[in-house]
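Take a look at the structures listed below.
Each of the next two complexes has subunit A plus one more chain, namely subunit B in the first and subunit C in the second.
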Partner chain A sequence: MNEEVLSNKLSATERERIAHSSLRLWPVACVTAACAVLAGYLALVGSNAIYLGWSDALSFLPRTRLWVRFWLTVRTSALATCFSLLVGIPAGYALSRFRFPCRTLLATLIDLPVMVPAAAVGVFLFGVVKSFPVRQVTELLGVRFAHNANGIVLVQFAVTVAFCARLMKASFDAVNPRFEQVSRSLGASLPGTLLRVTFPLAKNGIVASAIVVWARAAAEWEGLMLFVGGTMAKTDVMPFSVYLDWNGGMMGWVVTFSLVCVALAVTSMAAARLIGGRSYVW
Partner chain B sequence: MSGSFQRLFGKRAQAHLVIAAFYAVTVLLLIASCWLFVSNLDQLFAKAPAGTVAGMERWKSDGPSRAEFGGGFWRDPAFWRSVNLTVVTATATMLIAALIGIPAAYALSRYRIPGRAGVDVLLSSVIVLPSSSIGLCMVIMLQQSPLFGLQQATGIRLVYTLPGIVIVQLVLSLAMGMSAWKAAFDRVNPRFEHVARSLGSSAWRAFITVTLPAAKPGIIAGLIVAWVRAAAEFGGILLFCGTFAERPAGSFSPLTRLLGLQQADPLSVNMWAQIEYGNVEYGFAVGFTLVLISAVSVYTIHRLGGRTFVW
Partner chain C sequence: MQSGRGPIPTLTTLAMLLSVAAFALAEEKTEMLFHAGVGQRSSLMDIEKILAKRYPDLELNFSFKGSGYFIADIERSKEGDLYMPGEEFYLLQALERGYADPYDPVKDSPAYFMTVIITPKGNPAKITKIADFARPGVKVSLGNPQACAIGIWHEKTFKKAGIFEQVQKNQVHSAKCIAEVATAVQQKVADASIIWATTAVLYLKDIDIIPIEPQYRGFVSLPVATLTTSKHPEMARKIKEFILSSEAKEIFRSHAYVIDPGPLDKDSFCAGDGKATEEDCKWLVEAVKVARDDSIPVNVKTCGHLVGEVKRQRKTTRAGD
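And then the complex of A and B:
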């Protein structure tokens, strides 16, 4: 009887196997879904490229109006990236190596600006700028944030700094702490170990993360809209010009700006991927 | 310089100094992160009594008054409709993203599809794409391509409608969700699945009984990432859907009104609109609601320990 049950079961699974292997439904469905996703994203970018057209692209691309905004974007986001790296590298190392109580809770607090909509971060910057330490320091230095490039850098920094710390944590996680322990046990000092062992090993990850942070800063718009405001040819970085010119109805310019943004995003992501293996936010 | 540094402090003191510096930067970042939100709490309290400026009509004079905490947001039915709309659209987006994204992520993780690296780059570049660009690309894809003819032929309209919110949220939420799901599948050893297949189970059964349970925390983390990204979407919705709050109630379908989604914007758009029109306390209250939603989801992701790969 036992054998009978066993053979029944076997034949059932066998039948199922044959039914499925002849159809191969699940692998086909998976690959179809992947192709659909790819087609969707390609259509998103491709339809815009077709809409703009080659001759229009050639006429818009050499104009100064584009390049003023392009270099403004590059400059401000490069500056914001520098500030983010100054905070992000030590913070990322600490998050990766040190153990402290309530890690999950504290990590959540640090990560909040990554997940809160950038528009909300821009709004919340009003309180920071108006309140105790920042206000006194900026008054002393004579820095103003409203309607100028300082404001752009501040918003980009606020949006990217936690993101940067997270990516740096991932870069340092990829370095085995044993190497550091060996270096320390052989008599090297901690700064020496960091400079000669940890940073060289994490170099690729750090450079790739810096590129991604730069791309994220260059893509910032919502926070700017509320905190800095749009002044034509002064505070309109490229994502912002997309919105301003959209409201102005200049479709050619809008699509050109938008496609340049897409090109920046894809190029920087491809560069990051080429330089350093993988990185994660959480 | 390093030598004099070493002479001044011993090796151990040096190490302590460096560690202390790293801790200090982290604590500074933590404090700044909290201060970003805490320093705005006073914006919730009304400072001046509500009054009308001569010659300036107050926006939505039948709406919330400025003279109380948070503009009295909890008594405003529009606020609750807005919360409802955010939850409903984000959940719908998450479900659609999971339906397409989980099989797609599985395929990208398991099968040798040609051009996988290109797909990865494309997906991760969506994360650093400006939201204004996403919104614009969506408008042009749906209004200026053969898809517009398809919409007219079927009578379905997507731009400036409530389903449009889901479509535009899907762009970013699918990309981020897929990176999390792909990482979750990458972490499951394909050998387990091969063993299940060699013991006679089908590819589907091996996926359902072996791979899916093993990848469960990462998959749930991906669902949360997809949900919270959808709930946080702002720029794309602004360009693709505009705002719904000022439209006449009659222009919404009976189903929309039954679900209580009429005349409401997603929370992020609502926050922007309130602040732009001078309802600052109300806008900050909506902003803090968003912060609360994000905080709960980020904490859950951390507890689950999912990984969202950027590239």
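And then the complex of A and C:
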């Protein structure tokens, strides 16, 4: 039926009543949608946990095979996070505070790796490490990339660095620049202001962002598949093990690794939320 | 503090972190890189254990990937000593581009893949032969011939049987890799498919294995070659020799590869009566029974050369290692 005709037939009070009831419906609909998403996640994890079963979980969880890969994942992604922070903090600060030529272009470019598939990043890395000047510098330092743990760190760094800069920008944006201006006007140098004013104020945001960057690095797989390849217990971080064991028909390990990956992600996101507190990174 | 001093501590920290990473991988041993198809992982891991005892100074790293990723890797990284893709096609590509040393298609293959029919546990659609795939209502999983070798064999096999069109009508799932085909059958998405015996044997508890009639039984050689990028060509040659030895062939056999397929026709289908692989087929069927029944002892008498696989899968409800 035509809506106009329908609305003409309704009295003003009826129209008001319908508007009110639809207003009340919205929160209910939103909460229902949120619950549905949560239920979906719980069903995914729960069904896999049931598939694995209690006795298998007890058999797989204490095994060295799992923990070797777990610590490899934790170690490499921690190192990659350190490198990302070294670049991400100054980059994020510059994007948040300074006005310089082509700032918008740079901000757009820095966002690119967030959107570019990790697999493409893996392909580009081949080109980078084999060309001037990276090749010469790495040879001088005696560092080899590609099929080793250094390669994992490099892929994780390449995938997370832009993401890190983005989160850092958000953390610094949350700090009122007036505090810095006051500090500078009282005679403090820029590094002094950064260390004594900006960083302490942005601390929670930085720590929370670092955890999110770490979690993203720990979840990286596609770039590794192309650039590193899986060497048993040396380069097969947990997401990679899921793929390798899936190909090997080891469904017990596949589900165990997946559940541990989910546990890691949930723990780190919960930690980021608790620490992040009032920063508006999310 | 001057702002100009900023980069120095940053660079120092970066250099320190890089040296930590480099230290972790300090080279003391003969480090070699073996590019291998992900399907060969279990066999090559067993072979690595023997090589580690034989050559204590050897550190053999494996780069396991899907076969399609290798050429780009070798071309870009220029690294690697040995190469064992799941299909000869990729090795020929490497040979053509000058990355692989001369390779003999007959001698340089330790084992063969053999096609078998797989169905979900209990064989709900009662599949016993290739012709059953054309029966209306049978749900079939087929590999994409552009993405995986098993897809090419699906096409070849059903075309040879003259039922490809009917089977295509029964197709409910298209897979990009062989593990996807196996999982589709394991999860009962499909009633049947054809995969390599060496993949089928990984799912003994969840899928039934049915040997294919000799005229449709296909074989694909598993090639191995040394690479021209090798930094230790002599050691690479020794490893290749070991992989082609009878000791290593037994390892491949224990993972359901076939060592002697008997006479083959021009399309690599069995050309004889299938006697040469009869025993291989028999143990595959037996292994399924033993893996599921804890009352049957696991030994050479009950599951032949597949003892290791059955033992591994009997350890837990869901397969581990």
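One rule holds in what follows: the second predicted complex is superposed on the first by the 250 of 282 C-alpha atoms of A that agree within 3 Å, B and C clash if a C-alpha of one lies under 4 Å from a C-alpha of the other, contacts with A are read in each partner's own complex, and residues count from 1 in each chain.
FYI, contacts are C-beta pairs under 8 Å (C-beta built on N, C-alpha and C of every residue); 3 or more make two chains touch, one makes a residue touch a chain.
Bear in mind that the values here come from a model prediction, so they are computed numbers and not experimental data.
Of the two partner chains, both subunit B and subunit C are touched by A:L190. In the superposition on chain A, no contact is made by A:P177 with either subunit B or subunit C. Looking at the shared chain after the overlay, A:A208 reaches subunit B, while subunit C stays out of its contact range. Residue contacts after overlaying the shared chain place A:L79 against subunit C, while subunit B stays out of touching range. When the two complexes are overlaid on their common chain A, residue A:Y51 makes contact with subunit B and with subunit C alike.
By the document's definition of touching, of the two partners only subunit C reaches A:G252; subunit B does not. Within the superposed three-chain model, A:P200 lies out of touch with both subunit B and subunit C [touch as defined at top].
Judged by the touch definition given at the top, the superposed model places A:A165 against subunit B, while subunit C stays out of reach. Set against each other, subunit B and subunit C touch different numbers of residues in subunit A, with B touching more.
By the document's definition of touching, of the two partners only subunit B reaches A:V121; subunit C does not.
Looking at subunit A, you'll find residues 51, 90, 123, 126-127, 130, 189-191, 225-226, 243, 246, 255 touch subunit B in one structure and subunit C in the other.
Interface residues of subunit A facing subunit C in the complex, by the touch rule stated above, are 51-53, 55-56, 59-60, 63, 65, 79, 82-83, 86, 90, 123, 126-127, 130, 141-144, 146-150, 153, 189-192, 225-226, 228-232, 234-235, 243-244, 246-253, 255. Considering their complex, residues 2, 6, 11, 14-15, 18-19, 21-23, 25-26, 28-30, 32-37, 39-43, 100-101, 103-108, 110-111, 113, 117, 119-134, 136-138, 140-141, 144-145, 147, 171, 174-175, 178, 183, 200-205, 207, 221, 228, 232-235, 238-239, 268, 271-272, 275-276, 283-284, 287, 290-291, 294-295, 297-299, 301-303, 306-311 of subunit B touch subunit A. Interface of subunit C with subunit A (complex): residues 1-3, 6, 10, 13-15, 17-22, 24-25, 33, 35, 38-39, 41-42, 45, 61-66, 69, 72-73, 76-79, 177, 179, 182-183, 186, 199, 202-203, 315-321. The residues of subunit A lying in touch with subunit B in their complex are 10, 13-14, 16-17, 19-21, 24-27, 29-34, 36-38, 41-45, 47-48, 50-51, 87, 90-91, 93-95, 98, 104-121, 123-128, 130-131, 158, 161-162, 165, 167, 189-191, 194, 208, 212, 215-216, 218-222, 225-226, 238-240, 242-243, 246, 254-255, 257-258, 261-262, 265-266, 268-270, 272-273, 278-282.
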